[in-house]
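Let me begin by presenting the structure, written as structure tokens, before commenting on it.
Chain IDs A, B, C, D, E and F follow the sequence of writing; residue 1 opens each chain.
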Amino acid sequence: MASSSSSSSGAGSPLAAYSAYKFFTVTSPKPFVAHVQIQRPDKLNAFSEAMWLEFGRVFQQLSADADVRAVVLSGAGDKAFTAGLDVQSASQDSTLMSDQKDPARKAKGMRAQIEEFQASIGAMEKCEKPVVAAMHGIALGLAIDISCTADIRICASNTRFAVKEVDIGLAADIGTLARLPKIVGSTSWVKDVCLTARDFSAQEALAVGFVSQVHEGKEKTVQVAIDLAANIAEKSPVAVQGTKELLNHARDHSTVDTLRYTQLWNSVALQGADFPAAILSVLKKQKPTFAKL
Amino acid sequence: MASSSSSSSGAGSPLAAYSAYKFFTVTSPKPFVAHVQIQRPDKLNAFSEAMWLEFGRVFQQLSADADVRAVVLSGAGDKAFTAGLDVQSASQDSTLMSDQKDPARKAKGMRAQIEEFQASIGAMEKCEKPVVAAMHGIALGLAIDISCTADIRICASNTRFAVKEVDIGLAADIGTLARLPKIVGSTSWVKDVCLTARDFSAQEALAVGFVSQVHEGKEKTVQVAIDLAANIAEKSPVAVQGTKELLNHARDHSTVDTLRYTQLWNSVALQGADFPAAILSVLKKQKPTFAKL
Amino acid sequence: MASSSSSSSGAGSPLAAYSAYKFFTVTSPKPFVAHVQIQRPDKLNAFSEAMWLEFGRVFQQLSADADVRAVVLSGAGDKAFTAGLDVQSASQDSTLMSDQKDPARKAKGMRAQIEEFQASIGAMEKCEKPVVAAMHGIALGLAIDISCTADIRICASNTRFAVKEVDIGLAADIGTLARLPKIVGSTSWVKDVCLTARDFSAQEALAVGFVSQVHEGKEKTVQVAIDLAANIAEKSPVAVQGTKELLNHARDHSTVDTLRYTQLWNSVALQGADFPAAILSVLKKQKPTFAKL
Amino acid sequence: MASSSSSSSGAGSPLAAYSAYKFFTVTSPKPFVAHVQIQRPDKLNAFSEAMWLEFGRVFQQLSADADVRAVVLSGAGDKAFTAGLDVQSASQDSTLMSDQKDPARKAKGMRAQIEEFQASIGAMEKCEKPVVAAMHGIALGLAIDISCTADIRICASNTRFAVKEVDIGLAADIGTLARLPKIVGSTSWVKDVCLTARDFSAQEALAVGFVSQVHEGKEKTVQVAIDLAANIAEKSPVAVQGTKELLNHARDHSTVDTLRYTQLWNSVALQGADFPAAILSVLKKQKPTFAKL
Amino acid sequence: MASSSSSSSGAGSPLAAYSAYKFFTVTSPKPFVAHVQIQRPDKLNAFSEAMWLEFGRVFQQLSADADVRAVVLSGAGDKAFTAGLDVQSASQDSTLMSDQKDPARKAKGMRAQIEEFQASIGAMEKCEKPVVAAMHGIALGLAIDISCTADIRICASNTRFAVKEVDIGLAADIGTLARLPKIVGSTSWVKDVCLTARDFSAQEALAVGFVSQVHEGKEKTVQVAIDLAANIAEKSPVAVQGTKELLNHARDHSTVDTLRYTQLWNSVALQGADFPAAILSVLKKQKPTFAKL
Amino acid sequence: MASSSSSSSGAGSPLAAYSAYKFFTVTSPKPFVAHVQIQRPDKLNAFSEAMWLEFGRVFQQLSADADVRAVVLSGAGDKAFTAGLDVQSASQDSTLMSDQKDPARKAKGMRAQIEEFQASIGAMEKCEKPVVAAMHGIALGLAIDISCTADIRICASNTRFAVKEVDIGLAADIGTLARLPKIVGSTSWVKDVCLTARDFSAQEALAVGFVSQVHEGKEKTVQVAIDLAANIAEKSPVAVQGTKELLNHARDHSTVDTLRYTQLWNSVALQGADFPAAILSVLKKQKPTFAKL
């Protein structure tokens, strides 16, 4: 994949190792960049249970794939990044709809199912390579849970976001409520959008820091995401993956703990070939190359 | 209260269960919405000890009141949300002014008093129903401690804020220093306003995310807050109160811990009648009704 | 120093107790204000190991100096706050370049060195007096690590920032990755700048809350920083230092823990002379004076 | 109370301020010592809801009572410390037995009730004075929850303990599962007794460290507890209450955090009169006296 | 399996669902009890990589198997519970022995392998049903890591334990160092056995609380473990699994956090049929039966 | 030092690098073992401020000294390990006895002093090499604080321990209250000895796990400690120091956090020469040698 040429439109060549997936296509628009597309445009890319399980497997594979150094996630079609959970599909869910009458026993099944759902979506956060979510159009409910597990969020100016869950009678449980308050700076805004389920625009998302860039149209947005990923993919994978790991560590640990973890991390990372190679390339003003990681 | 009609101005009908309070009026401008007003306009709504103790009791009662699903807090009169602690009253405080000479013994009394003060103000944060703080005019010192315990903060464009405590010789101890850094995104700004005690405007508060909306004039601001609360009050109380609980949990726990707590929370919440009722109403495009919680 | 007159330009009189330092000058432009300047303008204020060790000693001394109540940090010369680590110097570093071949043994030396480096830079955060970082021009790599340990960050409009470390093949390890996500509100932006190592401007830094003020030119920026520090230095040092301590505590502890720590802190702080003196000065509209701390 | 004479049997004089309680008697067998007895011997001191609410109020009062410096808790009658929850009473509990059919709504009531129950029993842990639990005879279920909140546990050799909850179909929820693993050293033993609900003897309790002393018979055990409390009550209350606070802090915080909290605590405690008085009394080999706290 | 008759020797009938495993046999000696035996007696039950991966799968399956309510783990053969890691097998390990020369890249592979190893062994701790480890003979290195993830540890009097890892040049990394200090009460003893790698006996293990029972010979020990598991398996699975979950939660959370989590847990668990059924059976002195969970 | 011959009595040869210390002698009784003796026997080894500052420096030096792999700490003379703080010296302490009257200002000096005292004693815990405390005779107050920072504690049968602080009017603040509850298993015992300041014997210390061995007489005890240290010093220093680090990490972190930290630690430690060398020596039944660390 490292040698694949990239088309101008970000389509890229399909990655053979990922051809068996049913709901996601994975292409390589640039060297070391994987572009994952949610492929259910006729249903506004809404997620069934089979889909979110597959989503988890895709990102587990990407995490371990030494040919991938950065990932872009987008939704196929013009209309939606994803409309969220497929409500029709959910209404036939065997756990939710089981005829188990004992609340304690029913609860056990539901805990297990929510845990599995969280783990599948959380696979994107655990993926050791940075992920750029490029969103457009409809981005509701699960769309927020998913994008909260990305590293960088950018969107098209026409994106319509909503933390939709209270309108279907539940507290969002796949990660939005756990992650969103730590992703943006204004708790007042977070509670506003989570308690009212109201729409918010690309501009509002930018103003509060939920996304860090807004572009015109889906095509442009995806292209920018791919270029951003390509930029990252050219750098030392030791440096890049360490940076992702340490920033994620900082979110859930005290400063003292992260500093100590950092000492340990770099005591081995700095022994690799990338650090001297990068220094040399800076001094010589050459473009460095880095071995697979 | 659920059946009370709301006036256009947000005044609402008085809630009988709250008529004995001396410093606060509680009305119901919309179904399931309680509007709490700080009622000491001749003193710029400044707080005496009796007031902050009563404040705690009001919100404990609201938390347990199944007829209330969302709350608005505002200050009576044109001039102030609240000017903060009543300094004259504080200067006669028996603990601060006790003739106890032993620093260790005096400290014990002071710890107990600060703890009680913190608990009274913190009752608004513990209230299981969302609270919208609608601020205007003067909002100094304790005004910030109080509004930091609200879920959503909005204000009139004429609001004048300040974390005033260093100017009276103390570090703010009723919650501002513990909560403000977790409410807004810029630590540099937080330290600026806390260390200098300078005023900041509604626009500055909006820019840093301390408030999420600014409106013209007190009347408009309070009306927007009531409409916002009414919007929330129409939704499933199971979903709304769960959302508040989980967002507050996220502030003080790691992502992993909040995700696990969420699994447990929704394993019982989803067994209630609200989830299927809300789903059905979405599919049928009808307005759902939800039983008291 | 308390009696020193301040010049208009912020130069101030040299502080004798700090005259032995080689890479930093310390002057007193205003009563109780220390102005620390990084003094290696011919090398764009880049840091060698000797420099960062000295940096730690300067701030340990300032922390204990009862004549100092607020500090400004800036870079000497027109071009740079600091260009970061002196790469040439680093390339001769004995630990990094040691001929130790055993990775486990080499790692031990590197952990120790990173820990010492972190501790030296972290001395500014531990300094009990507030520090205002006034930045201009080039501010790369270590410049971000350093300024993350300041309390308030302001900059000149010409400042060019970058978290440069991935471009030299490493994850930033002197504090940027541990502190930056807790200093600004947008994680998406943090990961963007940390993973791409791209430049960002003063305006962008202001928009995300990394700095809280931008001014025209270095001279103006430094003067504003000094005035800000002087404003803080006029207030009760008991109140000011308590405010810094409690805000730093809040960053790494739960709200409940910080509230409890606050009770204890103020149970002794309020027994000092500053609280009644400040109250009295407010009532009498006089300017208070406070004893050294 | 400080002047009350103590009888040889530990009965002591009744404390007037506590005479209104219905289920508990409080006497003063020694200066500054309060002896609380569970007074429902005909029901093996089993707890109804009214009782555990009163239990909480007794210990809140003791915590604030400057005439009390140490507390002993025992059960009236020959047969039981306490047989635990009054199952008959619990079977008529309005929350457990409510006709609320909605699991989500029923859960809210149950959470509130468990929280209140935990808080009532936890009042003994929060009591600022050390509590010695002197147990004998039957000590089942709630007996363990209660004694886990004491500071020191001693028992008669005939005591029969059991963590009985799994045998009535529930996980113990009033504190045993949260506290017991942190009170004794062997997790294997903790899980054995909690999962099997089997009896364990005084000797077994001593061997694993659940109690720290075993004596012959109830009378002797209570007398030893009173003497132990009297010994503690003769010491500086500043030192004693600080020691309890800091040991409890250590249980739930890291070593670094407790050390820092300790610095702050003693920076004021050491300014009291007790430290020099105690030092002096040691040097002069005299018995010191300490003012009320 | 619930209806299987148990033999006197604890052999039990094979559980069909587990017949495909190669290194472990799973039988059912008593209703709802699974007995897992490590089956590599000719190699002293030493673990190869294939074995520890399979170990993880066995316990994941047991966790989800509603026919299993308690588990016993023992080692086949007379000589050993397990001699730990199969050193010969480890010496051919592809990750450890890879010809990757770059320390940073080699470290990545090793981290991943240790994580997978930890997760496989940790599956026993995550298994929702209680596990009793019944140990005998040789129990070295990995034997300690494994048994630390059991709920209850018992052993034969001839057991010879050692935390062997320092003698093969590494710090134990599969869980002993993370869990042992939280399982027994004496840190001095923990460090003694971990730093010296010396043997310790069954009696010593009992004295420090590492095991909670010692019996004569392997056969007797396994029989006691099976009876203990059978006792647990007769109780309400809602109560038993909740007790395991809450005790494990307590280990890694503050008391306040566990109490809150407990409120939520029991607010649904108490709505199940087991609580009233168990209460009734206590009152009627009948043996209750409980539905599968 | 590695080549020094050891005498039978544990006296060893003086280590030149430590000859300048005034209150401590450091000898090398065995290869790679340092024996630190508290040298103030005429004052029962009581600590003045100069002594505890020197204590910190000794252990900082030992931590960095590649010739030392294990340390023994004992007290010179027949009578005492140490009688604790030198009360006479403390009564002239400038901070405690300062004429500063402002409680807030006095508190600042006291916090700083306690922090420095804690840091000096804590240097033994931070020392990267294992420390065995060999105690005898009088071991009061500070003796407990000090030994709590050792890794392994053993004592002579005549040792008389007490947590003496409450008897001189203060809560122990140099580490006993923060560490003791995490070192032994019985909280009831910990509170008993901390609240009563009563003596406890070597046998009692062994029973609760405070010490892990008791021997007859000082000479024998010190010899055992030296042999224990020598045993440790013969092993891989990479394995030994990693084991100390990870066990200390476990005390203050969750199991999940320690497991993750362990992955990172061993991903570099296992790349050293010690792991293959130790494996080989096991297979060949030879005694391995390890390079300095």
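Here is the rule we go by: a contact is a pair of C-beta atoms (placed from the backbone, for glycine too) under 8 Å apart; a residue touches a chain by one contact, two chains touch by 3 or more.
By chain, with names taken from UniProt: A, B, C, D, E, F = Enoyl-CoA hydratase/isomerase.
As the structure is a prediction and not an experimental result, all values here were calculated from the model.
Least step count on the touch graph, chain B to chain D: 1.
Interface residue usage between chain D and chain E, two copies of one sequence, is largely distinct: under half of the residue numbers at the contact are used by both copies. Centroid to centroid, with C-alpha atoms defining each point, chain A and chain D lie 51 Å apart. Note: centroid distance chain B to chain C, computed from Cα atoms, is 34 Å. Among the residues of chain D, those in touch with two or more other chains are 103, 107-108, 182, 184-186, 208-209, 238, 251, 253, 256, 264-265, 267-271, 274.
Residues 130, 150-154, 182-186, 208-213, 228, 231-232, 235-236, 238-240, 242-247, 250-251, 254-256, 258-260, 262-271, 274-279, 282-283, 288 of chain E touch chain D in their complex. Only residues 64, 102-105, 107-108, 112, 238, 268-274, 291-293 of chain C touch chain F when the two sit together in their complex. Residue ranges of chain C in contact with chain D, taken from their complex: 253, 257, 261, 264-265, 267-268, 271. In the complex of the two chains, the chain E residues touching chain F come out as 87, 90-91, 96, 103, 106-108, 110-111, 114-115, 118, 122, 165-173, 175, 177-179, 181-182, 184-192, 194-198, 208-209, 251-253.
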